[in-house]
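Here subunit A shows up in two complexes: once beside subunit B, once beside subunit C.
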Partner chain A sequence: MTHTLARQAPTLGDRASRWGTIALGVGVIALAAAAYFGWAREDGFKRLQHAWLVACAFWLSISLGGLFFVIVQHLTRAGWSVVVRRVAELVAANTLVTAILFAPLVAMVLKGDASLYPWADPHHVAEHPLLAAKAPWLDAKFFALRVVVYFGTWFLIGRWLLKRSTEQDGASGVEPTLALERRAPPAMVAFALTLNFAAFDLLMSVVPTWYSTIFGVYVFAGSVMSFFAFSVVALRFLQKHGLLEREVNVEHYHDLGKFLFAFVFFWSYIAFSQFMLIWYADLPEETFWFKTRMEGPWAIVSVVLLFGHFLLPFAGLLSRHAKRRLGILTFWAVWLLVMQAVDMFWLVMPSVETSANPVTLAGIVSPIDVACLVGAGGIWLFALTKLAGGRALIPVNDPRLPQSLAFENF
Partner chain B sequence: MVESAIQAGAKPVYGVLAEFDDVDSIAKAAREVRDAGYERFDVYSPFPIHGIEREMGLRPTKLPWIVLVCGLSGTSLALFFQWWSNAVDYPFKISGKPLFGIPANIPVTFEFTVLLSAFAAFFGMLVLNKLPELHRPVFESQRFRRATDDRYFLAIEANDPLFDAKRTSELLQKLTRNPVELCHDSGQSGALPSWLRAGFVGVAALALLPLAATVWARAFDTTRPPIHIVRDMDSQQRFRAQVANPVFADGRAMRPDPLGTVAWGELGASGAAQAGKRGDTFVDAFPLPVTSNLLERGRERFAVYCTPCHGQSGYGDGLVALRASELQEQNWVQPSSLHDPLVRTRPVGQIYDTIVNGVRTMPAYGRQVSSDDAWAITAYVKALQRSQNASVDDVPLPERAKLGVQ
Partner chain C sequence: MTVDSTSALHLDEPYARPVLVEGDRDIAAVTRRVCGVVEAPKPPKAWYVAITITSAMTVMLFGCVAYLIATGVGVWGNNSPAFWGWDIVNFVFWVGIAHAGTLISAILFLLRQKWRTSINRAAEAMTLFAVCCAGLYPSIHVGRIWVAYWLFPVPNQMQMWPNFRSPLLWDVFAVSTYATVSLLFWYMGLVPDLATLRDRATTKLRKGLYGFFALGWCGSARHWQRYERAYLILAALATPLVLSVHSVVSFDFAVSQVPGWHTTIFPPYFVAGAIFSGFGMVVTTMVPARELFGLKELVTLRHLENMNKVILATGSMVGLAYATEFFIAWYGGNPYERFVFLNRALGPYWWAYWLMVFCNVVAPQFLWVKKIRTNLWAMFVISIFVNIGMWLERFVIVVTSLTRDYLPTSWGYFAPTWVDICTFAGTFGLFLTLFLLFCRYLPMVAIAEVKTVLPAAHPHGGHGHKEGAHHG
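So, the complex of A and B:
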């Protein structure tokens, strides 16, 4: 049975280069637009850096969510997910491109440009006792080294998972699968540590005086959620183009939907935990971060997150029927991807002071943000098609493939 | 075999039972039986079979709706009760938060939503499945025992409109190679025994007692003290400080040391305790230099140890004294005013001695206050006395202008 499947293993084929070219084209045009809008603005360079961080964090979070998913599948020896795992492996292995996308931001820090990370300016640090205490950690060279370690870890784990899984496609035994299962636990530990500290370094240190120990978990929750949303959208896209039509069915979507629902709630749980402790303790060095986000137009963005990232999708995905109707599930998946972008925007962008007075919602959103998101996305998707290339889109020879194909929910 | 069983059985027929070897054959049989138009039949298996409800033609369960309604009730009940109890019935400010601050109320609301949802899921499942059901006539079949082990059974019940012992048996016999048997209803009940049901009702009634007691306590006023079931140590029979004790002639519950005794650990302290005296007379000079640092230390120690009774200015109007006179405590001795002429004229050695060894009901502070600190307090007391009985001549000339006097 597996052999018949292997012969007709679905691949992107020549679609890979066609879609890749489109993605790259759109990405480059969007980047040019971002540069144009940035050039036209007085604080354009600063804005551009912030918008670029939002965009890179958004696409990186999808890859990291995928990495988590793949490791968990091997960790638990999951059977149901085999048919959707290859797409996840490709997403998880797509971290080299995000490292390249992040590189300019790290270069700015090394150059001493503090428009994104205020701690990159030694004079600024010297004036703030709180920052002076953190100076050994928030050091440009050490920061760059850590970023290299994070991306290196993700790249190695992601590529190794993909390599071994592809190896299984043509193997006669199950040795590659066993190797994946053996290495999954240390991979999970490495993933947890790197994601947590990367969240502190890349996102939290935009406001270097603020701290929240749960921040890494918050970023993790959003990442995994956005991966499941992306996974649903990607599989639906492939099926629209005649790929994986027989292999992936409503049962698999149902399970992806359950995960999506679970992580919508997990994100909300963590977001509220972070907010409530700070609200209750009421310490000025912690509350100012939320105060910024509860005033003026940022209050609107916060309410958008409360409803858009929690209450509405929670109610919308609660029912079994919603998760099994692909139209509804895809709608919420797209919706939640947008919300993940809004969340990253909400984390980073309030650091940019605006000259407009009074500050309006239109004043805090800029075409630069959208252009950067699309630009980074185009390049990220281009790399994804390169990676997918001639590979089979399901692990055709996986020992648990029959189990996954026959999978049924209760 | 089936015919003879029908004739032999005096007991009413419950249904027809068929045995299957594997999941595939029972799933196929369930679909056949459903397609034949039967509605009252059930499948028995050692483990849940994926998709069997579809083969049997069962309607989707209503359980999610029950859980949803109960979960939402939990949310609103928890929010309502927190609002009513903390903001309306007994407004109580905690940590400077609003009386009804949503973030503080979310954890309880969340837990209560989960609790009621879980209850609804568990008990709703029992009710919808008509559980617990301790007996079914199929249990009387010997072969049926393997339903919890390695065999699969399908039973069509006699109360199905299409049921006909002969034709139904033939239908099932076509689907399985195992013998099909007729089940009789021996009349044994599947309900819980009456004593157990009575027990549940009893426990439920007992569980309502605390609620009833709470309602009773809220609805009626009483002048009797609260019932204290566990007395613990907070209501033990003992004399508290400063209360009367009729056992002793002087009526004091706090006993002074018997004459000629020294308490444990006080032997070394006798030097400090005696430092205010030379022989039997009180000294009238400080044994250490009186500096502004010493006065500052004395002011600070005075605020810690003396002001509760003597008050900030030393008039004997501290909070403890005010409270005692408000409660009209019988044995309370009003603390002295430090500005009483008698106290003002006392030598510093006597003030020191009072601090270290106590006087009348004033306890000895020699243990809490070091000898140097006691001298510092003494110096401050002298300064305090001077300050309350000063004339404008005491103010140095350059300072007088600031006070607006000549």
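So, the complex of A and C:
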């Protein structure tokens, strides 16, 4: 019962190093620019640190969404998705680079620099009874330890999933696939726990007095959505370069589009729940976070999210037609990736660009933001091409590959 | 009940999809088996025993409701400071139960989970019956039940309107929309099967009744084409409803400023809990029902195992939500919030809290073990734990927060009266009576849908080509 597909396995080949070099080059230049802009502001790199967190969170969220997707495919023994799974596995395994990118921020915390995470300054904590109450959790060393645990978990799961899947490419039996199915459930538990608390630690604690129990789900929803968007863009890019042209077809895009739509909707549901409950109860210890985001230029960003992250893509992706026209689908995928970046920006940046000092929309967005996003992205994509390297771009010997190749939506 | 060892359980090799129907897998056999339950001259003896007990409990329910209406809401244990008691606990409990049916029929349909076809009909029926039980509580809690229609915004010359800003009113809309769509979904799925029963009917009465409700279905290609389109649209419409109903129910609590109620994770956490409890109830009822009506080859152990996996997944989500709530209550630094959670675990209702944790978080973890999740007795016991645990969860949320609020002088202890207890027991009577009637008079399994997952419905089906079985 072994299916050996007599076919040339599609790989990146020498394109891997070519694309990798371009990504690295662009990334390094953007990083240098970001460092220069950050230094030029003379604010002790405060603005740069915030922008860097936004950039890291954005690229990390795509990897985490990919991790979720791959685990779910094994958990449910999905057949349709085999041809798009290797790209997802590569994205999911690409967390070591985000750990390295994130490391400087942890180093700043350990150094006692509180410009990004205000709780990193013991004097500030001592003056704030609310912060003092949670000091055992928001402790620099404990924080660093948790960050290591989060990234370590993601790295180990992501790499293991990729390793086993690649093993299946050359295996004569189906043991690697069965192993993936057996380990997927505990991997999901580890994923859920780490993502939930990482969202609190990495993003929510930027405003350490604010809290929202749904915050982890919010970050999760955006992450999975951005993964599906990235997946569509990446597959289209590969196909433009003559790869996976016969393997991935409109049926697979249609399903990716359905999930993209579903997670646009799910994100909106979670975002609405968080906002509505806090707005309705009107408790000052919670509302101040939204108040910042409803005043001055931040109100504009909030409205951009409402329309750009929910209403417009919801209408745009609703119809079957839109999900099966690759031009339209790719447009919305790119659009939603931009929205994910705006969302991360909206979560983090109001702490530094507050409405207290009157700022305009042009004033809250800085070249630093763009430079950081591109810089982190260049490094992240470079690492992705390194991982992709000589690997086949689809699981060539997956037992369910025939199902995926023959898959049709009814 | 016996543990049946079936071949499907060992069919985990990834080249082929496991069989969804066991035994005699031809199209006519499915019709015979499902219609056989309805057409048998007499139901099994156990059915008579069961319906005698459940209808007696239903009579008790009606008695309690009549006593309540005649006397007043004071016959319940609700009193200062716990103005909400078992009424809302039971309302939320039953609405939660109502979630499995539409999840199975809508969301699993969109996710192409073909195993749903054997269980969706019964689960959807349970949804409707559970909504009946749930809807009863707000209607009788209003006190003057003869003006219960004022729950809806009825135009009137006094310009009296319900408070549109109240989540209780949103509940009226959310639950009634959900009930309507679930009913439509269930009934539409029934139409082809009712036509089958009509065509097989031997008496005039049966032919007339089933024929009336079959709406002239003749199984033409045009009918099927429209049917499948409508099914997809209804599934897409019902999917957000699965999320919205319990989210709105959670708003009843979460929009308030009561510590322990006001927390943002409530909507998704309530939805996960609702699916958890709904699947628990489906397992509780389907394990005996498939034995009783000889449907073991249609509702296989594999179906039950899959449901147990959903129970494990949603139970773990609920566990994560508990942990998150507890953590943020501490992290938030609000002393009232911290107190509420300590009070839940160590206060006067500590027994309810720890029993809830055991039932909802610990008990489902046994389902990690394949031997347990494929053992009928084990899954039955765990599903009972799930039912108890999810009831306790609502009890803990409602009662612990209300009986110990900001002002210690107004603290109290809630105790139900006999009317509370008998009414709640009576709703189980109503639910089970309706379910037993459904089993006897309507096709318990979606005959037409199950046929589409038989090998014969696929190209190469039935010729021994394993690769042909790639459905799903």
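The definition used in the following text is that the second predicted complex is superposed on the first by the 397 of 410 C-alpha atoms of A that agree within 3 Å, B and C clash if a C-alpha of one lies under 4 Å from a C-alpha of the other, contacts with A are read in each partner's own complex, and residues count from 1 in each chain.
By definition in this document, a residue touches a chain if its C-beta (ideal position, glycine included) is under 8 Å from a C-beta of that chain, and two chains touch if they have at least 3 such contacts.
For clarity, every value in this text was computed on a predicted model and none was experimentally measured.
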Room on subunit A for both subunit B and subunit C (clash or fit): clash
Which superposed partner A:319 touches (first subunit B, second subunit C, both, neither): first
Greater residue coverage of subunit A in the superposed arrangement, subunit B or subunit C: C
Partner chain in contact with A:408 - subunit B first, subunit C second, else both or neither: first
Partner chain(s) touched by A:280 [first = subunit B, second = subunit C, both, neither]: both
Which superposed partner A:174 touches (first subunit B, second subunit C, both, neither): second
Subunit B and subunit C contact sites that coincide on subunit A, given as residue numbers: 276, 280, 282
Complex contact set, residues of subunit C against subunit A: 12-15, 17, 110, 112, 240, 243, 247, 251, 254-257, 262-268, 316-317, 320-321, 324-325, 328, 330-334, 368, 467, 470, 472
Subunit B-touching residues of subunit A, taken from the complex the two chains share: 272, 275-276, 279-280, 282, 318-320, 408-410
Contact set on subunit B toward subunit A in their complex: 48, 50-51, 64, 68, 95-97, 103-104, 106-107
List of subunit A residues in touch with subunit C within their complex: 1, 3, 77, 79-80, 129-130, 133-134, 137, 174, 177-178, 181, 185, 189, 192-193, 196, 200, 209, 211-217, 258, 265, 269-270, 273-274, 276-278, 280-283, 285, 399-400, 402-403, 406
